[in-house]
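Before I ask anything, let me first share the structure, which is written out below as structure tokens.
Letters A, B and C mark the chains as written, and numbering starts fresh at 1 in each.
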Amino acid sequence: MTTRTRSPFSRSMSRRSLVGGGAATAAGSILIPKASASPRISFPRSQREQDGEPKSGGTLIYGLSTDPSNFEPHFSTGAASTSVKMMCYSTLLTYDADNQLIGDLAEEFGWVDDTTYQVKVRQGVTFHDGSDLTVDDVIFSLNRIRDPETAATNAPFYQEVTEIAAGDDNTVNITFNKPYAAFPHILANANNYIVSQAWIESGVDPMTEMMGTGPFIFVERVPGVSITLEKNPNYFIEGLPYLDGITFQPMPDDTTRMTALRSGTVDFVDYVPYTQMSIIENDPNFQFMSDSVSGFGWIGFNHEMDIVSDQNVRLAIAHGMNRETMVQTAFSGYGAPITGGLVPEGMLGHAPDLEGTFTGDYEHAKSLLDTAGYNPLELPMLSTSTYTVISRPAEAAQAELNQANINLDLELQEWLTFRQSVADGTHPIHAWGTAFNYPDPDFLYQYLHSSGTSAKWFRFANDELDALMEEGRFSSDESLRDEIYQEAQALAAEIVPWVYTIRRTQGEAMASYVKGYVHTEAWIPIFQREIWLDK
Amino acid sequence: MGAFITRRLLTLVVQMFFVAVLVFLMLRLVPGDPARGILGESATEEQVAEMRRQLGIDRPLIEQFVDWFGGVLTFDLGDSIISGRSVAGDVADRITNSLELIVVAVALSLIIAIPLGTLAAMRANRPTDLALSSFAMLGLSLPSFVTGTVLVLVFGLKLRWIPQSSFVAWSADPIAHMKLLILPGLTLGFANAAVILRMTRSSMLEVLRQDYVRTARAKGLSEKRVIAAHTLRNAINPVISIVGLEIATLLGGMVIVEQIFNWPGLSSLLMSGVLSRDYPVVQGVVLVIAVLTIVINVVVDILYAVLDPRIRLS
Amino acid sequence: MDTTANATGPVTDPTTAETGLATRKAAPGRAGRWNVLKNGRVAFPLSVLIILALVTIAAPLVAPYSPTQLLGAPLQEPGRSHWLGTDDFGRDVLSRLIYAGRVSLGVAAGSVALATIAGVTLGLIAGFARGMLDMIIMRAMDILLSFPTIVLAIAMVAFLGPSIRNLIIIIGVIYTPRFVRIVYGSTLQVSEAEYVQASRVIGSSDARILRTAILPNVMAPILVQVSLSLGLAILVESGLSFLGLGAQPPTPTWGNMISNARPFMEMFPHLLISPSVVIGMTILMLNTLGDGLRDALDPRLKGSR
């Protein structure tokens, strides 16, 4: 059981943080060190200590999996875009190598009371144009996110905010209707950058230009060719960045991108396809850093349609898939099965009792089908051809469910058509995948609460789950939240609003001389700022 | 000639209009919403609606079309709704890259194919011919992404002769830039070379049988002079028209090669535009390609007439 | 290309949308046409293709395994139990290859048939009727041809859905203009020939002229174009699969087998080799057939054989 201290600037502690004493870090926040690095991240922590003293200089050539469509700081334009934007813009909070929240533009941060969150804005930070970062800029940025006209991705998370105002001594107070424990993660989120009020209001187009407080300055963009950043000499963290610059080169074709890395054309790539993971892992000239936690696949239902509205049918589908086999089939083993709840081990709300609920029991699935009266069952399943990380688990599921007398006719549409179809509810079943928005079980809200975007696509509503989701979101008691989310997952396993399939391994690969990078479970590429080239 | 050109230009304008209408409607009929694409996966329906409003795509279709086409008539292709960049600007950049690659590919294929095709014709139905024709067949029979990937694998990765993926502008480093053109040029050119080889062969065969060639031979002119003076010129005609048409088709059809070699050309701009439903970009690119196709056709027709006055232009 | 047919322009290569124009001194006799089949350059590829088609049609009898069943051991090299190895899902490559032939050949045949029927109809109308109809049809074909294939393909797939039936429609629509132009050119040519003018003068009905004079002459270039287009259609299908617009998993097509093999190319080349060889050989045969047909059916070249 964890206890929660009420001192003004403590972070929410996860259950893992029991071990170890406290050691103060810079800027006054109390950092509670981890006992050991998370075992699920394939990155040897000791490696960093062996690397030695960072050298300055050099330009990193980065093969990017998608050409960012635009640079708007408050839209989510994909993980690849984040790799770029996060180098020019900063957020109030970010994550450290142990996936704990630390301050970035915020010097200190925490709840002053149940419904007021406070950040103390760091002094002496300048924007790339030389102007100072002020409290007004922070307030402006957060309000810009809240403004419906901006259509900012994070806007829904600010729904319960009643006021954002400056406090004493360079602080900003964010006041809520109700307590909102997961909120600090929102401040570390990739679409929550702090922008300069003067710059935005001067009429620039933030879609095509970037100007922030980040470790690198935006120089130019040639679409389809390159995005060039150069070192910010006035970056607020002393000594960083080590690199003189980063040049991003979009290479959407997986094979092309990996060949570029392996032939030395680029130093670093994001999003390694699973087909090349073993090649990279076994090549001493390269490093591969990944996690098998955050990316996950699911099968969703349109609860208003016949057949799948029957809980037994959904349960049959949940039981009719052997997740271990699916990890092999879909990703050659580069992933992890989800046999219980979605919240992974180590995150608040993980339900150890649920592990092993869904093991791929074809006979049990068939008997459920019999009860429902649909044995054998044939249904159309929708998925997308655009992303193999989504289509392969779909195909693997199809193969598995065949053995449980469930024959799914797969229809793969390209991305936007697929998303439209899901929103329109054209198919009874769809297979999709994504990653946690942030490392807090509150991310389940979107899927399980009837007002959540995904729940609306599922046309699903359950009062009990609604109550649990709300209680979990608006509670500030850690242990209570832990219980709530475990209960919610247990309920979800019974009524099956959606079915989780497998997690995937996702990570970056780089040449052996690229040092300093850490892959975070939250997929926040902040450690790009610590990269240095050992050559 | 003058009347011919004028007539063709008028046709161009009419055809352009129909192409514009066609692409405009086609894009709007296709399911998938650019607003949803811009906002990301967790966008609420309200946000999507707001974005649609901001993009102006919730207005009546006629209004949108008049707005856009009006701009086209003043050479303003609008701005991309996804990236915010000027469509005309991006098209200009990309088309240069595409044309460059096409020119290289065509040049390579002509250099390879015309001599070989001539040879094949001169040694018709003998082993040389068979070997060359089979080689040509191979070029036509393999998908471009197979040839391209194999070339990259062999020359780029295994032999490390040629860098193959990161684009360098001509202005930045001409030598590197030229090196980069080789593999994609060969890939594109391989299929082209095959076509031109067979074309050259068959039209050379054709011409070699003509009376005036036999006369020239009878007069005792050397084989080489016979070929050079009489046959090649006539045989070139169809090659010209092929090349002309290839250019037009390739501009929009080089997607696979551009993707494999990471070449920032017009096709990939078009493809990504369609996939993200970037209406102004797709409309702009399609119009430009359509106009170019028609213009090229006219040019080819004129060249045809210039090179062979026996052809009547009706 | 609107250059009219009086040129002694050589037979241009129909593989790239050219009008196949051949001056004809006389219509070949009916008996002569069937002699084509005796020609080695026609008979050989034709036989190979027929055998191939029969094998793929008989897939359930011929294939050692089911094409979609996971057999447990992914990415196996060719060996005794799996002659061509297994793919990344653990499915037998040989069986998938045979079944894939059905789809690839079926899509090609279906789409080319569609394009031929539509093309012949429209081309005959335009070439024979002339006037307004001619202009409308040919301009419409021009518009269609100047439209980038990618846009058409993606838009149609998004609109109609990625089923095999729709693939046939899509590729058929894409190839129709080429057929229209060939037929149009030939029709124009033939209808200006003296014997046709003569027919008109003596009062033969349009239908009779079409049937007896024009259609037979148009057949030759159409046949050539058909065999060449079949090859192209297979390539187009594979290109569409590469771009993610093709047939749905787990249905195999030669095209999607190749594009799925690409990420494994380095470590497991056998996955790429077998479908590439099969596609290559098939298209080779189709192109040889097309060449052979053209050489055999073109009376001007008969003397040289």
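By definition in this document, contacts are C-beta pairs under 8 Å (C-beta built on N, C-alpha and C of every residue); 3 or more make two chains touch, one makes a residue touch a chain.
Every value quoted in this text rests on a predicted model; they were computed, and no experiment measured them.
The innermost chain, defined by the distance from its C-alpha mean to the mean of all protein C-alpha atoms, is B. Chain centres here are means of the Cα atoms, and by that rule the chain farthest away from subunit B is A.
Chain geometry summary: the mean Cα position of subunit A and that of subunit C are 48 Å apart. Between the Cα centres of subunit B and subunit C there is a gap of 21 Å. The distance from the centre of subunit A to the centre of subunit B, each centre being the mean of the chain's C-alpha atoms, comes to 41 Å. Counting partner chains per residue, subunit B has residues 30-32, 149, 153, 157, 275 touching two or more of them. Among the residues of subunit A, those in touch with two or more other chains are 255, 386, 414, 417.
Those residues of subunit C in touch with two or more other chains are numbered 154, 158, 262, 265-266. By the touch rule above, subunit C contacts subunit A in their complex via residues 68, 70, 74, 88-90, 154, 157-158, 161-162, 244-245, 248-250, 262-267.
Within the complex, the subunit A residues that touch subunit C are 254-255, 273, 275-276, 279, 328-329, 332, 385-386, 391, 395-396, 398-399, 409-414, 417.
Residues 30-34, 36-47, 50-51, 54, 82-85, 90, 93-94, 149, 152-153, 156-157, 160, 163-167, 169, 259-262, 264, 268-269, 272, 275-277 of subunit B are the ones that touch subunit A when the two sit in their complex.
Across the interface of their complex, subunit B is touched by residues 1-4, 6-13, 15-18, 139, 142-143, 145-151, 154-155, 158-159, 231, 235, 238-239, 242-243, 255, 258-259, 262, 265-266, 272, 276, 279-284, 287-288, 291, 301, 304 of subunit C. Every residue of subunit A that touches subunit B in the complex is listed here, in rising order: 61, 63, 67, 69-70, 75-78, 148-149, 151, 153, 155-156, 191, 205, 207-208, 222-226, 249-253, 255-257, 259-260, 262-263, 265-266, 386, 414-417, 419-421, 423, 434, 437, 446, 453-454, 456.
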